[in-house]
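Sending over a structure as C-alpha cells; questions will come in a sec.
We call the chains A, B, C and D, going by the order they appear; numbering starts again at 1 in every chain.
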C-alpha cells in the first residue's frame, strides 16, 4: 500500500489547559481529512486491575485518585456501588451530605474548567495568570467560586481533593451546625458571582463547523430535581434504560492511539456531560438558572459541543443555589452522632452505580467476595465515553475550515484545541479503563 | 494554709465567676475514652471525674507552635511578638500536672527566663482538683500525688462539695471577691477529707517511693529491656508530646514569598524523632531508635532540684497514649528490680 | 534508592534575586491524577506567585508551556508510567537546577503502585487492555527517584497548600525546605485528637506516615491511609505497627495491602513485615 | 540578686560583618562589630562561650567565639560550612548585617588558669574556642606560666589558624610559648606528624602545675586523658569544650541534652566547658 502523502501535518503535541496528557494528530490525504486522532499518552494506571484482591474499603479510598478534578465523584460512585453490593442503606442525612459534597465537586470542577482552562481561549490569553491586569473582576469571581467548591468539600470530605471523610456507610465525622451555617452564608453571598461565568461565555459565537446531530445520554435525576444521582439513563433518541444495566448499551474498545478506551452507545459515538444533562433535563433546573437558560437559549445548542461551556455555567448557577438550600436544611437537621451505618460483609455480590460526574456519566461496577475483597472492578469515565464523539467533532472542524480555505496549520490547531477544551476532557481519569470482556 | 468549703450546688456558679475573669479551660470528655483540656463554653461541660487529658496543661503557657518574632530581611530588624498576657484560668488540674507545671517553671523561669512562657504563666490561674488513681497512675512513688505549691486553689472532693485549699494571694482574692460561694469547713468535712486521702493512697498499684530509681536505672544502662521495648516503639513521639514536663522545641524560619520578611516559629519537638540529636554535618548523637528510647527513660528519671522530684510526675500519659502499648511504669520496675532480688 | 541526607544540598541553591530577576519555575506531570498541580494552581496566593516567578511550563493551566526550557525549580508530579514519561523526566532533570518530586506518585509511586511486587506491567496491561495493541509503551509505575536524582520530596496525596508555599518561599529566598522526619501520629496528638488506633482499633497508618497534613483524616475520625508515604530515613516502623495491628486481630494480608497503598516502594516494608509475620510465600 | 529580665534572654543585636578571611577550604574567619555603640561598649564574653548567630530567613546557629575577650565591640567567629545557615554565612560580604545573641555557656573558668602553666590541645575545629583562650593568655601574659599549644588536624591544609600561629613563632619562643602544629594523616605535610597525645611528652609545661584546655572530637579526649593522667596532670585542671546541638543556647530547647538519670545536663548552659570529673561521671558526655 502506498504511503499517504501528508500535505499539512496538523498536530498539537500536548494540549494545554486540560487535565491529563493528550495530543491531536490530523493526517490529510490530499485535500481530504484522513485521520483525526486524539492521542492519549497519559500513562495507564490500571485501577480496575490493582483493586482486585484488595479490601473494598481500601479500594474506595484509592478510587478517588483516578482524578483530582472529580475526586468526589470517584469517591461517592464506588461507595454507592459497594453499598449496593452489600445491600447497605445509608441514612438520609448521609445521602444529603454526599450530594452536597458532590455539588462542591461540581462547583470546583466547573469553575476551574470555565475560568482557568477555557476562558483564556475566548479572551485571547495563554493562561489565567496573564489575565490579572485586564480582568481582575473575573479572576476574583473565579477564585471565590473555586474557594466555595473547595470549602464545601473540605468541610464535608476533609479536603478539596481526595476526600477521606466519605466512607462506606456514612462519614467519619459530621460537621457541626455552625459549619453548615457558615457554608450557607458563604453560598448566599455568591449568587451574583455565580453568573459571572455565564456572562463571559455568552456572546462568543458557536462555531458552525462542529454543529451536528448527536445522541446525548444523561441520568434522570432522582426526585424530579436536577442533580447527579438517578437510576435511569435517558438518551436523546427517546430511549431509556436502567442505569445498572449500562453495560448492555455502553461499551468500550481499545484503540491504538490512546491509553484511554473509546466508549460507544449502541455502537455509536455519543455525548455526555453538562450539555447532555441540560438538553435532557433543563426543565428541572432551579428558578434562576432556568430563567437565565431561557434568556440565552440561542447559545445553548444541543448540536454544538461549544455550548457545553454555557451548559456548565448554567449548572454552576443552579448548584450554587441548590447547595445553599441543602446547607440550610443540614444546618437545621444535622445529627452529629449519625455517622456511619455499621456493616458486615457476609456474602459475595456485585454492585453497580452510575452517577453524573461533572463531565458526564460515570459508572462503577464492583464485584465483592464474602470477605469484602474486590474480585472484579469496572469503571467507565465520561471522557472515555465521549472521546469518539470528540474526534468526530474535530474532523468536522478541520473539514469545515479547509472548505473555507483556511489551511494554516497553526490556526487550525488552535481551533481544534478550543473544541477539545469545550468538552472539558479529563484525560488522566479516562486512562486505565475497563476490563476487556 | 487557709481552708474553705465550696458546696456542690455552688460549683457551677463559681465556674461562671471564673469564666468571667478570663478564658476558662478545663477538662472535657472528647470521645468515648479520652479527655482533654478545652476552652469551656458551657460550664456544665466540665468533667470533674477524669483520669487524664490528652494534652498536658503546659500547652497553655508553652503553645504547640508560636511565632517568636517576625523579621524584616532588608533592614535585618526583628519584631518580637509577645503574648498579650490575657488571663488564663485553668480549672481541674490534677496534682501531678501541677508539679509538672512547676517543673516547667524551673526550666523556663530561671536565671535566663523564657519571656513567652513567663508572661503567660504570670497571667495564669491554676485551680487544682483531687482525683483517684487508675492502674496507669504512679504519682505516689514520684511524690507528686499531693501538692503543697503551684496552685491558687486546690479542690478536694467531699461527698457534698469540695474542701478548698488556698495556695496563693490570688487564691485568697478569688475567695474574698466571691464570698457567696464559700463557707467555713466543718469537722465532718475534715473527716471526709481524711477518708478520701486514705482511700486514694490505698488505690495505687505501686507503693513506696522511687527516690533511688535514677541510680538503679543508671547502673543498668545496658539492660535488655531497652532493646526489647524500643523494638516495639513507633517513634511517634506521643509519649513526649503528651508529657506534662517535656519541653523540647524546634525553631524554624519561614520567609515570605517575596523574601523581604518572614517569621521565626518555635514548635514542640520530641527526643523520639530522628532529627533531635542531629547536627549540621550529619552527625547524630542518638542515631538509633534504641538510643532515643533510652534517652527518654534517663531524662524523665533525672532529678529536678526545684520540686525535689523526678522530671516524670507519674501521670501515666506516656503509657495511656502509647499506640504500641509500651508500659513505662512496668519497664522501669523491671530495671528497678534487676539485681534487687525482684 | 538511597534518599539524599539533606544535610547540605549537593545541588545549586537558587540565588535570591528579588527585584533583579524572576526565578523560573516549571510544573511537569508524568502519570497521575493532576491533583498536585491542581493544588498548586489554586493556592490562595497563586496570583502573587505568578507575579514573582516565571512559569516556563505548566501545561495544565498555560498554553505558553514548553518542556524544553531551563528552569530554576522543577516540580514533577506523577509516577514514571510510560517511556514518554521517562524521556520527559530525564529532560526535566537536565533542564532543572532544583528538582522537586511533588505528591505521592512522584515521591512513592502512588496508588498505581499498589500491586508492586505482585503483578508486573504486562500482567496489568493484559488484564485491562487484553491483546489489543497501543502505540505508546507503558512502564511499571515507579517513583521518579528510581530514575533520576531528586533534590526534594514534597509528599501528600494531594500535598498540603502550606507545604507548597513553604517550599516555594524557601527556594525563592535562596534557602531550602526543612525535611519532616516524624509521623502523622505526632501531629494528631498535637491537634488534641483522641487516638482512634487505641480507642477503636482503627487501622490507622498515622504512626508510619510522614507528617505535614496536621492529621487531616484522623481529625475526621477517619484512620490515616498513609497518603503522605513512609517516614523517611528508615524511620517508618512497619514492624512495630504491624505487630499492633496483628494484636488487634487484623490479618496479615489486610495489613500488608493497607500499608502497601502508598508505601510499596519502601525497601523496608516487606522486610519489616516479615519480621512480624515470617517470610512471604 | 535582682530578678532576671526575661526580655534579655533572647535579645539579639545587629552586627556588621567587617572582614572575612579564608582559613581553609571549609572554614572562614568573620570579624563582626556591634552596630549599636552602647552594646559595643558593654558587651563582654569569656573564652569558651558561644553566640547564637541569626541569618533572618535561614535560621540560627551556635558558634564559639574565637577572638580575644579584650577587643571591645568586636568579635571573631570561625565558621565551618556545614549546614543550612553556615553555608549561607559563607556567602556574606563585608558590610552585611547579621543578628547575634549571647554570649552563652559557662566558658572556661579563667581564674583557675592563673599562675599555672597552660596547655591547649586542639583538633580540627577545636582550635576555634581555644584560640580565644590562647589570646586571653597573651593579653594577660603575666598571669600565666609556660604555654604550649598543640594544634592538630588530619591534613596540613586543614590546620586552623596555622599561618597565624606560624607567624607567632619568633615571639613565642621569647615568651616561653611553644607552638606544636601537627597533621595526622597527610603524606604531603612537611611538618610534625602524629596525633596530639604523642606530642605530650615534648611540651614545656609542668604537668603538676598546669591547666589544660582541650577541644576536639570525643575520640581524642579518651586517649588524651589516659596520657595526661599518666604524666601527672591534675584532673581538677583538665577542661574540655564540647559541641552539641545548642539550638536555644539558654537551656530550654533540649537539643543539647546529655547524660543519664543522675547527671542530666544541658551542654549549652551547664557547659559547653566541662572538667575531667564531669566527664567521668556523666556517661555519654564524650
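Everything below uses one rule, namely that a contact is a pair of C-beta atoms (placed from the backbone, for glycine too) under 8 Å apart; a residue touches a chain by one contact, two chains touch by 3 or more.
This is a predicted model, so every value here is computed, not measured.
Using CA-based centroids throughout, the chain positioned farthest away from chain C is D.
Highest C-beta contact pair count among chain pairs: A-C. Closest to the protein's overall CA centre, chain by chain, comes C. The distance from the centre of chain A to the centre of chain D, each centre being the mean of the chain's C-alpha atoms, comes to 67 Å. Separation between the centroids of chain C and chain D, computed from CA atoms only, is 43 Å.
With centres defined as mean CA coordinates, chain B is found 52 Å away from chain A. Here the spacing of chain A and chain C, counted between their Cα centres, is 26 Å. Of all residues in chain D, those touching 2 or more other chains are 57-58, 82-84, listed in ascending order. The set of chain A residues touching two or more other chains is empty. Looking at chain B, one finds that residues 252, 255, 259, 262, 280-281 touch two or more other chains. The complete set of chain-chain contacts reads A-C, B-C, B-D, C-D.
The touching residues of chain C, counted against chain A in their complex, run 29-36, 38-39, 41-42, 46-47, 50-51, 55, 58-65, 67, 78-82, 84-85, 110-112, 114-115, 118-119, 123-125, 127-130, 132-136, 138-139, 141, 157-158, 216-217, 219-222, 225, 227, 254, 257-258, 261.
Per the touch definition, chain B reaches chain C in the complex via residues 30-34, 36, 38, 54-55, 64-65, 231-238, 241-242, 252, 254-260, 262, 268, 270, 272-275, 280-282, 289, 321, 323-325. On the side of chain D, the complex with chain B involves touching residues 4, 6-7, 9-10, 12, 14, 56-61, 80, 82-86, 97-99, 243-245, 247-248, 250-255, 257-264, 269, 283.
Only residues 14, 16-21, 41-55, 58, 61-62, 65-69, 71, 112, 116-117, 120, 126-130, 132, 139, 146, 150, 158-162, 164-165, 167, 171-173, 253-259, 339, 417, 428-429, 431-436 of chain A touch chain C when the two sit together in their complex. Every residue of chain C that touches chain B in the complex is listed here, in rising order: 5, 7-8, 16, 18, 45, 48-49, 52, 165-166, 168-170, 172-175, 178-179, 181-183, 185-186, 189-190, 192-195, 197-200, 206-208, 231, 233, 235, 237, 239-241, 243-244.
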